[in-house]
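Chain naming follows the written order as A, B, C, D and E, and within any one chain the residues start at number 1.
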Amino acid sequence: MFAAAMLAVATTMALALARALLGPTVYDRILALNVFGTKTVLFIAVAGFLFGRPEFLDIGLVYALINFIGTVAVLKLMHYGELGWIDGAGEHDDL
Amino acid sequence: MRALQQEHVVLRVIAKMLVPMILLFALYVQFHGDYGPGGGFQAGVIFASGIILYALVFGLSAARQVLPPPVVRRLAPLGVLLYAGVGVFSLLSDRAFLDYSAIDPEHPSHGQHLGILLVELGVGITVASVMLMLFYSFAGRGRR
Amino acid sequence: MILAHYNYWVVVLLMMIGLYTVMAHGNLVKKLLGLSMFQTSVFLMFISLGKIEGGTAPILAGEGAVYSNPLPHVLILTAIVVGVATTAVGLALVVRIHEAYHTIEEHEAVKQEQRESGQA
Amino acid sequence: MSALAFDALNVFLLACLVVTGLAIARLRGLFAVAMLSGIYSLLSASVFVLLDAVDVAFTEAAVGAGMTTVLFLATFGLTRSREHAAPHQKRVPALLVAVACGGVLLVALSDMPPFGAADTPVQTDPITERYVETTHEEVGIPNMVTTLLASYRGFDTLGEVVVVFTAGIAVLMLLGRCSRERAEDES
Amino acid sequence: MTFVIDGLSWCLLLAGGAFCVISGIGLFRMPDVFTRSHAAGMTDTVGASMILLGLLLQAPDWTVAVRLLLIIGFLVLTSPTASHALAQAALADGYKPLLGRRQAGRRPPRTAA
C-alpha cells in the first residue's frame, strides 16, 4: 500500500514539474515549486516507510519548514524589486 | 510602502510562529547529528535560513537588530578557532592533531564523543554566520 | 544493461547540459547555474558509486544490516556547503560586474572593455 | 518488490532531473530558471534519499530550499535584467565540445562496474571496511557519516570550514559596506 | 485490532493519494493562476495530511509519530499561507481572475508592475 501512495506522489510530482515547465507566468512556476516541495516531503516520508527506515523524516521536516522561504523571497522580490528594505519607513511598528 | 506591508498580515503571523520553530529545529539538528542525519553544516544553514525568513518578512534592519553584522563578522572566525582549538588542545596534551581522546584520556570513547560535539559546534557557528554574512551583503546592497 | 549503468548515463547527460550552459550562454548568472548543475552531476556520481544494492543508510540499524559506503557521503556533504559559498562569491562578482558595466552579458562587457582600452 | 520500486523510482527521478536540466539550459526568463533550479535541488535531494545518502540529502535540503534560491534572487534583484539571446556563433562549438566530452565519458562508462554492485573497488577497499566495521566500537556514535566527518576526516573538514569562511570574507570584500562607501566617495 | 488499524491506514493512504493526483491534475489543467492555486493549496493540504496520517498509523515508535505530526502541522501552516501570499501578489501584479469562458487564453494586462 506504500507503493500505491508512492505512485500517487510520483504522478503528482510529474504533473507539478510539467506545470513548472509550461507555466506561462512566473506565479505558475512559483506555485509549481511550492507543490513540488510538499510532494517532496511526502516522497521522503513514504520512501522511508517503503524501504524500512522511517527515522529519516527529519529531511521532510526541513522541507516543511524551509520551503516557505523560497516562496516568500520570490514574492518579495516581485513586489518590492529587492530583498532588503534598508530605509523602509515604519517597519518596526508591528514588531 | 506602509499599505503594502499591511497586506501581508497572514504572512507576518505565520512567520512569527515559524521563525522560532526553525531556530529550535536547527539546534535539534546540531546536537542530534550523532544519532540521526544532521550535524554542524546542516544546522548552520538552517539557523541562517530562520534569520533570513525573519529578515524577509520583517525587514532587513529588524534582522540586523537581532544579529548585528559586527557580531556575525566576529562569530565566523570564532567557529574556525573553536575547531582548530580542539586540535591544538590535543596537540598540547601530546597527542596527534584533532585526536579527541586527549579530551578525556580516562575514557577515550567519551572524549571522542565530546570532541565531535565541540567540532560540530564550531562548524555550525561558522557556517551559520557565513551564510548570514552572505545574505546581509547581498540584501544590504539594494538601491538607495 | 542500460539499467545497470543508468545512474552514470544520467551523470554524463547532466554534465553535458551543464558544460553546454556554461559555454553557450553569455549571461553570467546562467553560467553559474550551469556550473552548479555540473557540480550536482559530480555529486550524483560519487553517491551512486557508494550505493550497494539492498544496502541501507550508514546509520547503525541493528545486526546484519548492509550499509552503503559512508565515505562519498562525507565528501559530498561538505562539497555542497562549500559549493553554495563559492557560488555566492561568483554571484558577488556578477553584482560587481553589473555595477561596473551595467550589464551581466559577457559579450557586452567585453565590448565595453575593448572600447575603453581603444580610447586610452 | 522493494528492488523493483527502487529501480522504478530511481529511473523516474533521474529522468525528471534530466528534463529539468534541459529546461534550465533552454529557458531565458531568469526568474523561471531560478524556480526550476529550486525544483532541480528538490529532485536531487530525493535521489540522494533514495541512494541512502541521508546526510547529503539533508544538506541539499537545507541549502537548496533556502540559501541558493535566496542568493540567486538577491542577485536578480541587484542586476534586474533578462537574459539576451546567446550569440549564435558560440552555440555550435559549445555543443560540439559538450558532446565530445560526453562521448569520451560514455566510452569510459563501459568500464564502470554496474550500479549497486557490492564487489566494486569502492566497496571492497580495506579503508571502507575499517570505517564501516570499527567506527561504532572506537567512537560509539551511531551515525557513521558524522563520525567520519568530524573524527576520521577531521583535518579535511577543518579545511572545508576554512574554505567556507574564506568565501564569506571574499563576499564581504566584494559587496561589504566599506567598498560601497568608497565607491560613493569616489563618484 | 491490527487489522482495523491497517485497514484505516490503507484507506487514508489511498484517499490521500487520490487527493494528491486530483490536485496535480487541477494544477496542470486549470486555466489561470488563481484557479491553479486553489487546486494546489486546498487539495494539497488535505492530501498531504491524509497520507501522513496513514503513515502515522504505521509508525513503529513514538519518535516517528511525533515527527509525522510536526510535518503535518508545519505543512498545514505554510502551504495555505504560501498560496494566499502568491494569489495576493499575482492580484497586486495586475493579473485578474478569469470570470468566464471568453477570457481564457487572453494575455493579462500588466499595469501595476
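In this section, a contact is a pair of C-beta atoms (placed from the backbone, for glycine too) under 8 Å apart; a residue touches a chain by one contact, two chains touch by 3 or more.
If you're wondering where the values come from, they're calculated on a predicted model, not measured in any experiment.
S.K.: Which chains sit in contact with both members of the pair subunit A and subunit E?
M.R.: Under the touch definition, subunit A and subunit E have B as mutual neighbours.
S.K.: Which chain pair has the highest count of C-beta pairs that touch?
M.R.: So the chains sharing the most C-beta contacts are C-D.
S.K.: Please work out the Cα centroid separation of subunit A and subunit B, and write it as a whole number of Å.
M.R.: So the centre of subunit A lies 23 Å away from the centre of subunit B.
S.K.: Could you give the separation in Å between the centres of subunit A and subunit C, each centre being the mean of its C-alpha atoms?
M.R.: From the centre of subunit A to the centre of subunit C is 21 Å.
S.K.: Please work out the Cα centroid separation of subunit C and subunit D, and write it as a whole number of Å.
M.R.: 5
S.K.: Between subunit D and subunit E, what's the gap in Å when you average each chain's C-alpha atoms?
M.R.: The answer is 28 Å.
S.K.: Quick check: what residues of subunit C touch more than one other chain, meaning two or more?
M.R.: Each of 56-57, 59, 77-78, 80-81, 84-85, 88, 91-92, 95 in subunit C touches at least two other chains.
S.K.: Any chance you could list the residues of subunit A touching two or more other chains?
M.R.: Residues 13-14, 30, 32, 51-52, 55-56, 58-59, 61-62, 65-69, 72-73, 78-79, 81-83 of subunit A each touch two or more of the other chains.
S.K.: In subunit B, what residues contact two or more other chains?
M.R.: Within subunit B, the residues that touch at least two other chains are 4, 11, 14, 18, 21, 29, 35-39, 41-42, 45-46, 49, 52, 56, 127, 130-131, 134, 137-142.
S.K.: What are all the chain pairs that meet the touch criterion?
M.R.: Result for touching pairs of chains: A-B, A-C, A-D, A-E, B-C, B-D, B-E, C-D.
S.K.: In the complex, go through subunit A and note every residue touching subunit E.
M.R.: 1-2, 4-5, 7-9, 11-16, 18-19, 25, 27-28, 30-32, 34-35, 38-39, 41-42, 45-46, 49, 54-55, 57-58, 60-61, 64-65, 67-68, 71-72, 75, 78-79
S.K.: Spell out the part of subunit C that touches subunit D in their complex, as residue ranges.
M.R.: 3-10, 12-21, 23-27, 29-30, 33-34, 36-37, 40, 43-44, 47-60, 66-74, 76-78, 80-82, 84-89, 91-96, 98-99, 103-105, 107
S.K.: Which subunit D residues qualify as touching subunit A in the complex?
M.R.: Against subunit A, the touching part of subunit D is residues 1-2, 5-6, 9, 12, 16, 19-20, 23, 29, 31-32, 34-36, 38-39, 42, 45-46, 49-50, 54, 57-58, 61-62, 65-66, 69-70, 73-74, 76-78, 80.
S.K.: Inside the complex, what are the residues of subunit B that reach subunit D?
M.R.: 29, 33-39, 41-42, 45-46, 48-49, 52, 56, 69, 73, 76-77, 79-80, 83-84, 87, 97-98, 100, 109, 112-113, 115-116, 119-120, 122-123, 126-127, 129-131, 133-135, 137-142
S.K.: Could you pull out which subunit C residues touch subunit B in their complex?
M.R.: Against subunit B, the touching part of subunit C is residues 57, 59, 77-78, 80-81, 84-85, 88, 91-92, 95.
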